[in-house]
Every structure is written in structure tokens, then in C-alpha cells.
């Protein structure tokens, strides 16, 4: 809906998802209504809106840009956020 | 001298030599006067005629065709005999 | 920003690449050739047609590309240092990969063969544990499944 | 009877060859490709230009060719059985070999990568111990020396 990215009370957190999580969600990105918060907050919102991925989410990490971040890391609308489930390359 | 190979009292045992042994001997083959005998007899004759290779010879094996043979194996004129010094391929 | 296989494979710049077409293993091996190297190892992981009796039709790889490339580059630098390599290059495939085709290739060269062998095996283990790449197996019975191993540690968490 | 590199490399017949020209490593890797294989390892031993500070100009290999080919074929069959390989191929160079060129190449494929790695390393160890091939190192200072390691067991004698 709000594809423009300026701060407002309808700000969104856009989160990239991959592989099995993208398949269950049916897309490569999630959008959460976001007035600010931490990775832990984002986890709760994703698990609430997409219960089918809650199990996989609990085993996944969050990345902010090219760094993994812990549950207490703050996330802002416009951040480059991704959910990284257990990997299986090679 | 006697390149023809029929049995006679000038029979020779032709032995293939390789690598460092060929270099010291100055050729790819040795010829021993041979009225019959074993690998041990051939070792003594080679060490006597080419003392420069005696040390390497003591660390070498004998092959008859594509098989290694022990010191008590009999050798006959016309056999496909080779001296195999310690290897260094790869 | 996928690195296309037609683009220059710049060994000096990074030595790692994610490609959407067939992996050029010949080029990979050539890239690690060096007069200072005596041992050169190339590993190529190909899609196996049968696993435990079940037929695989193809694999599809997905990845967080920027993070995967950055992680591969870090692993490559660590391998060069840890094993004293002369050179090292890593390529991973993305998208669909047919049976018999390469999904991953790692080349390593070192003054002695043990360095190259040890580094290649170490890189493969680390790649499978640490790099945000995922495979989906399409089976002969029509089923398909993304692999998210339950035994794996959570990504990004040091063991 | 050297096997020329232009002659067919007959994987089914023997999977081993001694060649007097450059080793075709690309062909070797292709020769072990198989839909049943997931792990493919190619080792290429190249002539190193510097060893312990001394400059090497080239190597020359000599061999008892029939016995070397027979021994390589036996080792290959043993490796296939012991490690459950899908395929395996071994080529060793003869005559002079320049710095950077390949003296030996071994390719092995197996259902899983560990089999291919283990087999390749095992084959190299055994090749260096058991196969009647010898190297002469031509150094930058003009010296040359055939290598007949004093620490090696006498060839053909089981350890």
C-alpha cells in the first residue's frame, strides 16, 4: 500500500524472506506496520501474522544489511532486513 | 654384442634400468653374461660390474614382467627383467 | 545483482561468485594456477539423480545474495590464511540446476597438496553451515521441499 | 607403448594413462561425471617453481611404463571398491614437464563428497609409494638430480 518510504504513522518494515519461508508466505517480502522496535518485536509480529512460519522463524536469524543481528537490535522503517532460516547450500 | 637371443654359452640377461640408475650406468639396459641363476645372482653381478650403483641397487626391487620378484626367483636369458629403485612419482 | 557467468571472474577482487548459469569449472581451476603452487584441488558438487532410492529431478537454489557473497568472501580469505593457500576461488549456482550439473565448485591451490585438500574440505563444511543459500529438491514423484535442516545451528550464531 | 593424449582416453577399459604431452584435466573431470555422483574431486599436481628457496626449472619423469600402468589400474580398482566411487581416472605425465604444468592428475566421483576426497588423497599417497615412476629435478643453478627417497620402502615389498 504505502510504497513511499517517508516516516509517517503508517510506516512499514519491509523484510526479505527466502526459500521455504518465501514459499509458505507466497512472496519474497513481508511488510509489517512499524512504529519502531527491535528484532524481537518483528519476530512477534511475523509469528502473529503468519503462524504457518512460526516454527521455522524460531530457528531463523535476522540480518540487517550484511550483518546478523540479535533479538535486541533496533530496526527502523527503511532498514534492509532479512530473515535467514537454517541454510542448506552446497 | 649377441643381440640374437637363442640359448648358447654366450647367453645374456638383459635388464632394464631407470631414472638415476640409468643415468649412472649411461643407458636404459644392462647386459649380464648369464648361464642361469637367481635375482640374488643378478644383484651380485650388477654390483660387481657397476659399483657406482651398488648402494641404490641394495634399495631396489627386481621385476619380472609386471610382477615384483624376490631374491630367490630364478631368471632366464630372454626374461623381461627390470630393476626398480625407490620411486618418486606424483 | 547476480554475477553473470559471462562477466569477468575477477579472482583478485573477490574470488567468489554466485551464478545463474552453468559453472565454468575449467576457468575456476585455471584461476588458481600459480608457479608457486604444487597442489591444486577442484571440488565440484553435482546434483545426484538418486538419493536413498528416491529420484531427484532437479534442485533449485535460493540465496540472500549480498550476504552470501560477503560470507563466501570472508571464508575464502580465512581459508587462504589458515591453510597458506596460493589461491582460492568459489562459485555457487542459483536457480534451477539439472541432475548432473554443478551446484557448487571450489578450487584451491597451495605449495603442497595437503593444504589444498584440507582447505577445500574446510570451505565446503563452512559453506554448508554458514552461507545463506538454500536448496529445494524437486523429486521424481512431483514433490518438492526446501531444506532447512533442524539439526543446524541458527545462522549467524557462533557455535 | 605410451598412451598418447590424442588417443581415446578409455575410461571403461582402464581409467589410467601415462602421457607424454600436457594432461587434459578437463577431460579427466568430465570422464568421472555421472548422474549417480554428488561429489567430484580433481587433484592436479603441478610443477612448483620454488621449493625451500631453491628454483626449479623443470621436472622430468621416467617410468617402467607397463608396470606403472598395471599398478595404477590396480590402485584405481581398489579405490573404487574401498571408497564406493562412482568413477575414477588417473593420468601421469612422462618426460620433461615445465613449471606450472601438471605432472599428475586424479579425478574421483562418488555419491557423497567425502568418498571422492578420501579416495583422491589415498590414491595420491599410494601412487607416490607404489608406482614405478621417478622424477628428476632440474634446478635453476643447473644441477639435476633423480629422486630415490632413502626413507621409502623397497618397491614391491608390502609394508
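A, B, C and D label the chains in the order they appear, each numbered from 1.
Please note the rule applied: a residue touches a chain if its C-beta (ideal position, glycine included) is under 8 Å from a C-beta of that chain, and two chains touch if they have at least 3 such contacts.
Bear in mind that the values here come from a model prediction, so they are computed numbers and not experimental data.
Trainee: Using direct touches as single steps, what is the fewest number of steps from subunit B over to subunit C?
Mentor: Steps on the shortest route: 2.
Trainee: If we define chain centres by averaging CA atoms, which chain lands farthest from subunit D? Would you check?
Mentor: Most remote chain from subunit D, centroid-wise, comes out as A.
Trainee: Between subunit A and subunit D, what's the gap in Å when you average each chain's C-alpha atoms?
Mentor: 52
Trainee: Just curious, how far off is subunit C from subunit A if you go by their C-alpha centres, in Å?
Mentor: Chain centres of subunit A and subunit C, defined by C-alpha means, are spaced 27 Å apart.
Trainee: Measure off the straight-line distance from the CA centroid of subunit C to the CA centroid of subunit D, and report it in whole Å.
Mentor: Roughly 25 Å separates the two chain centres.
Trainee: Note the residues in subunit B that touch 2 or more other chains, in rising order.
Mentor: Not one residue in subunit B touches at least two other chains.
Trainee: Enumerate the residues of subunit C that touch no fewer than two other chains.
Mentor: Residues 45, 124.
Trainee: How do the chains pair up in terms of touching? List each pair.
Mentor: A-C, B-D, C-D
Trainee: Across the complex, what residues on subunit C touch subunit A?
Mentor: Subunit C reaches subunit A through residues 45, 61-64, 66-68, 70, 92, 103-104, 124, 127-136, 145-150, 152-157.
Trainee: Going by the contact rule set out above, which residues of subunit D touch subunit C in the complex?
Mentor: Where subunit D meets subunit C, its residues are 25-26, 29, 33-50, 99-100, 109, 111, 113, 116-117, 120-121, 124.
Trainee: Mind listing the subunit B positions that touch subunit D in their complex?
Mentor: The touching residues are 16, 18-20, 22-23, 56, 59-61, 63, 65-66, 68, 82, 84-90.
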